[in-house]
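In what follows, chain A forms one complex with chain B and a second complex with chain C.
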Partner chain A sequence: MIGTYLLRLVMKNMWRHQLRTALTVLGITVAIISFGLLRTIVSSWYASAEFSSSARLVTRNAISLTFPLPITYAEKIRQVAGVANVTWANWFGGIYINQHNFFPQFAIHADSYFDIHPEYVLSYEQKKDFMHDRRGCVVGRKIADQYGWKIGDQIPLRGTIYPGIWNFVVRGIYEPGTNKTDASQFLLHWEYLNERVKSVLPSRAESTGLFIVQLADSKQAATVSAAIDSVFHNSLAETRTETQKAFQLGFVAMVDTILIAIQSVAFVVIVIILAVVANTMTMTARERTPEYATLKALGFSVQFVVLLIVGESIMIALTGGALGMLGTFPVAQAFSKATGSMFAVFEVSSSTLWLQLIAAVLVGLLASIIPAWHSARIRIVDGLRAVA
Partner chain B sequence: MALSFSYVARNLLVRKLTTAFTALGMALVVFVFATVLMMAEGLRATLVGTGAPDNVLVIGRGSQTEVQSTLARDQAAIIESVAAIASDADGAKLVSKEPLVLLNLEKRGSANLANVVARGVTANGLRLRPQANIIAGRMFRPGTSEIVVGQAIASGFKNAGLGEALHFAMQNWRVVGVFDAGHSGFDSEIWGDAEQMMQLFRRNAFSSVLFRLIDSEKFARVKEQLEADPRLNVAVSAETQFYADQSEQMAKFIRVLGTAITLIFSVGAIIGAAITMYASVANRTGEIGTLRALGFTRRSILQAFLLEAMLLGGLGGVVGLFAASFMRFVHVSTTNLQTFAEIAFSFRLSPAIAGYVVLFAILMGLLGGFLPATRAARLNIVDALRAD
Partner chain C sequence: MATQLLLPSRFEMSALIEIRALNKIYRRGDQQIPVLVDIELDIRRGDYVSLMGPSGSGKSTLLNLIAGIDKPSGGTIYVDGVDIAGISDNELAHWRAHNVGFIFQFYNLMPVLTAFENVELPLLLSDLSKRERRTNVEAVLSMVGLSDRMDHYPNELSGGQQQRVAIARALIMDPMLIVADEPTGDLDRFSADEILKLLQRLNTELGKTIVMVTHDPKCAAQAQRLIHLEKGVLRGSSHAELA
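Take a look at the complex of A and B:
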């Protein structure tokens, strides 16, 4: 009974200063949206690691990714116990028109690549067309849409590692098999690259940057990785094998300084809005000091007055929070569109939504501490006498 | 007639808590803004300081970084024959032909891997980079597998300290010296004997050729001559410009992201200022009426409130800048996404950044105070006097 009464009073109080409340709610909305957006940016970075299946290993040169491995390693890896299948991919690193159009390009061994990556869904006809055209390429749905590519289009890439202008013909567009599949890859024939490299950069021919290993049993990832690396131990090109997930996380770790910065900044916006809401509540409570004193004089408990202030603060914060959570979705969508293929997947996660809700409640709670404490402490006489 | 400054300032002092909350919100925005600009500036200054004015760097055309580039021995010899290259006292040309590789090394204090540039240099390479000085140990002996490391590498990577040894290319490379390159990009590099490295990495090509010009005026002609040479297919840049370009994308990324974040955050702080100023106007309605009755014009009322808001913003700006100035002591090391190699740098506060962020804070105050100040100026004298 007293609860519903309290709630009604809170709602009435909340909208007495319409402009002030509206401004505060707007501030919280903006803060919660930016908090959500920043969290989503960070988690999208990590999302790249989630594409990867745990039943796959990546083998590369132990020195660094810029060193290739001889293609003959494929057969040696295939013979390691626990290996079901092997394919390879080589980073091409071409530029499409200008540097701003970034998407990953790999020269692949087409026969085995799609077998190991069933999440790249390609129709039988398109795959056949790709296999029959040495200069063909297969592109992900996301970049095909972004650049308006259709089957049969010519795509020129300017090589940075492999010099010259390379023209490819789109023979297939693969669809992402799951919503965590990277649909922004550009795949070309390793054989074609190799042939051309043989004539210009013979030292780089017959090699690849990565081998992708399909495990017979995903539980054996650690032992098979060690077994592969031991085969090539003390050879000219030693290898480093890890799960695809660890491999991807390695890239994320390289920029973790920036991710940490973004994450900390996400919390700063919450503190900023906390200061704004605390200010609103302090002003409100100060103006109503005589009212609260009257309530106390009428026999309402101190707790009632405290709840009145805390309730109003949380109500304002929750209103802004809810609007912010709703607003995060269109903003995230617009952001994802604006950044193009920079993030393979850009989705607001449920954990982000929970954090937004918690942040809103916390802001409401913390902002009311000083005014609530102040109103609880003040003597009725002083309160009645107070001038705002 | 304008209202005195102390009248304006004292209004902020009357309600200390409200002033403090509002200024805190703005201070946090300024802190984030300043920190981001300091980070971008630190990265830029580090890479700009990497080159020396008269040095010219040649890499393969189409390559964006030294690591991607390959220059065959005969190409390097052609470059070496350029007439405008300076000579030392003994008449030997100041040219350094350098192989460059990326090493995937483990960071100290975590299992994370990062790519580090290992550069093969000669005695000339050291003379062309006078900013690098050995601060511990000694220089490597030519023809051995000894290396010297930049100070950021010695402190940041496992087994890279003085007296320790790194294992790569089937060899243990003993760290015999640590050099300080004046907080330039070279501080994040490993240097060893050029011929030794090429042999052990089984490479028969250099990555880049660095030389000093007799006279920097000759740069344009040398550039034209080398780039037009059909045997070469190279890109020629001033060393300072080359490294400055390598910071461009990353610094721009940090700056754009940071500015976007700051602008969104500032909405919260501006709203905070607006709420405070609206309350300030509401509480002093009677006072404003009195002032108007005394003969103060609408314009001077407007000025007084705008000044109060700007003062509030300025206060937040100074507090935020003061807090941000401590970030100068923070050193970070991250992967430069442009070169894919680790780069260590520190936050750098320039007078331009300081002026910029304080102005920004004042502008936030002005924006927040604009509507409330207009309301104050529009008040009717009679109504205002009757308000209390």
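Take a look at the complex of A and C:
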């Protein structure tokens, strides 16, 4: 009974100063959206690594990713015990119209690439068309929608690693198999690249940047990695093999400092809004000191008064928090659209939503501690005398 | 020197309030300011007592101590046999809820609650059902003449009406004691007279013991007994002439 009444009183008190409450709620909403967006940016950096297949290894040149490996390595890798299949991919690095239109482009070995990557869902007809057209390309649904590409469209790319204008024909648009699958890849034939490289950059012909290895048993990743690298030990191009997750995390590590900075800003935003809500609640509690004293005089406990203040603070924070959580989705969508294919997967995760909720509750709780403590301590007679 | 006042009541009953060697000292830094000094006072059941005195005489402090919203520095206050100076804060809150009705100068109503809800507020500390609460609140509001204002918020009521809501709130738990601190201090003469008549009815018809602090001699004259304080000491008492 008293709990219901307490809740009603909290709700009524909350909107007594409508402008002040609305502005505070707005501040929390903006802070929670910012927090959610920044968290989503950070988690998106890790997303491709988090959802990498545990049954795949990546083999690259031990010196650096920029150094190629001979294509003949493919057969030698295939002979290693525990290897189920091998394919390769080579970074193309072309520019579509201008540098702002970034999306990953790989020259792939078409025969095996889609076998090892079942998460790239391509229809039988489109795959067949792609296989039969050396200038063909397969693009992810995300970039196809972003640039309005359709099957049969000509896509010119200006090469940066491989000079010249390269024209490709869209022969397939793959759908992401899961909502975590990168749908922003541009895949072209390695054979087509190799053919042209032979004439313009013969030193880079018959090579690739990466081999992607499918394991027969994902538990054998460490053993097979070591076995592959041992095959090319003391060769001209020694290899470094690691799980696809470790490979992706290597890229994330390059921007680790930036990610830490983004995470720090996300938490600073919450601390700032905590100060704003604490200020609101302090003003509120001070204004209502005579009312709290009256309640205590009537026989209500100190705990009741404390719950009134804490409840109101949490209610304000939760209102702003809920609006912020709802607002994060369209803002994240707009951000994703604005940044194009920069993030392979950009979606608000459930863990981000939980963090937003926890942040809102904590803001409400922490902001009310000092006013609640003050109201609990003040003597009834002093409270009744207080000027609102 | 202790001053003892044993004043006759219209009702030949035992003392409801027994105050012995009561002292109240405020501390400001190292300084000690005595506000009440060795008060000895009995107030019988059904008494209607006015506490008068100049500002700073300690009359409001004495009222607060009797009502159990302040603690004495020394001495005892027995109300209906309970030493309210010696019980814990939680016990005191429970005791106030069931034994004391408060009437304040500025009404002290909750602005976000209707007249009905304000009067119902103390009943939330009782075991009454919602239906029983409604019946009681309606009865009390009817008694103070506000049956047609139950759904009005305090800011929709005049000062006199707000004070009547406050009186209804003070009565709702059927307390044995009603304390009123300048109940007419914020009202015009007409509204003040209405409130005084209402208090008179509570005393004569319901037998409530009323202790009231006032500056207004006309208001004080409504009471059966006048108690004068000066510099924290009881200086005397007298029977009031009915206005």
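Going forward, the second predicted complex is superposed on the first by the 385 of 388 C-alpha atoms of A that agree within 3 Å, B and C clash if a C-alpha of one lies under 4 Å from a C-alpha of the other, contacts with A are read in each partner's own complex, and residues count from 1 in each chain.
Going forward, contacts are C-beta pairs under 8 Å (C-beta built on N, C-alpha and C of every residue); 3 or more make two chains touch, one makes a residue touch a chain.
What you see is a predicted model, and the numbers here were worked out from it, not measured in a lab.
Q: In the superposed arrangement, which partner chain does A:N13 touch: chain B (first), chain C (second), both, or neither?
A: second
Q: For A:P290, using the defined touch cut-off, is the partner it touches chain B, chain C, both, or neither? Pick first, second, both or neither.
A: Touch partner of A:P290: chain C, not chain B.
Q: Could you tell me if A:V381 is touching chain B, chain C, both of them or neither one (first, second, both, neither)?
A: The second partner, chain C, only.
Q: Touching A:L298, do we find chain B (first), chain C (second), both, or neither?
A: So A:L298 only meets chain C here.
Q: After the superposition on A, what does A:Y5 contact: first (chain B), second (chain C), both or neither?
A: In the superposition, A:Y5 touches chain C alone.
Q: Does the superposition put A:L215 against chain B (first), chain C (second), both, or neither?
A: A:L215: touches no partner chain.
Q: Of chain B and chain C, which one touches more residues of chain A?
A: Counted on chain A, the partner with more touching residues turns out to be B.
Q: Which partner does A:G27 contact after superposing on A: first (chain B), second (chain C), both, neither?
A: A:G27: touches chain B, not chain C.
Q: Which residues of chain A touch chain C in their complex?
A: Contacts found on chain A: 1-2, 5, 9, 12-13, 16, 290-291, 294-302, 379-381, 384.
Q: Would you pull the chain C residues touching chain A in the complex into a rising list?
A: 61, 64, 67, 69-70, 89-90, 93-98, 102, 104, 106, 108, 110-113, 121-122, 124-125, 130, 169
Q: Where on chain B does chain A make contact in their complex?
A: Per the stated touch rule, the residues are 17-18, 21-22, 24-25, 28-29, 31-32, 39, 60-64, 67-68, 70, 101-104, 110, 112-115, 168-170, 201-205, 233, 249, 254, 257, 261, 264-265, 267-269, 271-272, 274-276, 278-279, 283, 332-335, 337, 340.
Q: Would you pull the chain A residues touching chain B in the complex into a rising list?
A: 19-20, 23-24, 26-27, 30-31, 33-34, 38, 62-67, 93, 99, 158-161, 163-164, 201, 203, 234, 236, 238, 240, 250, 253-258, 261-262, 265, 268-269, 271-273, 275-276, 278-280, 282-283, 370, 388
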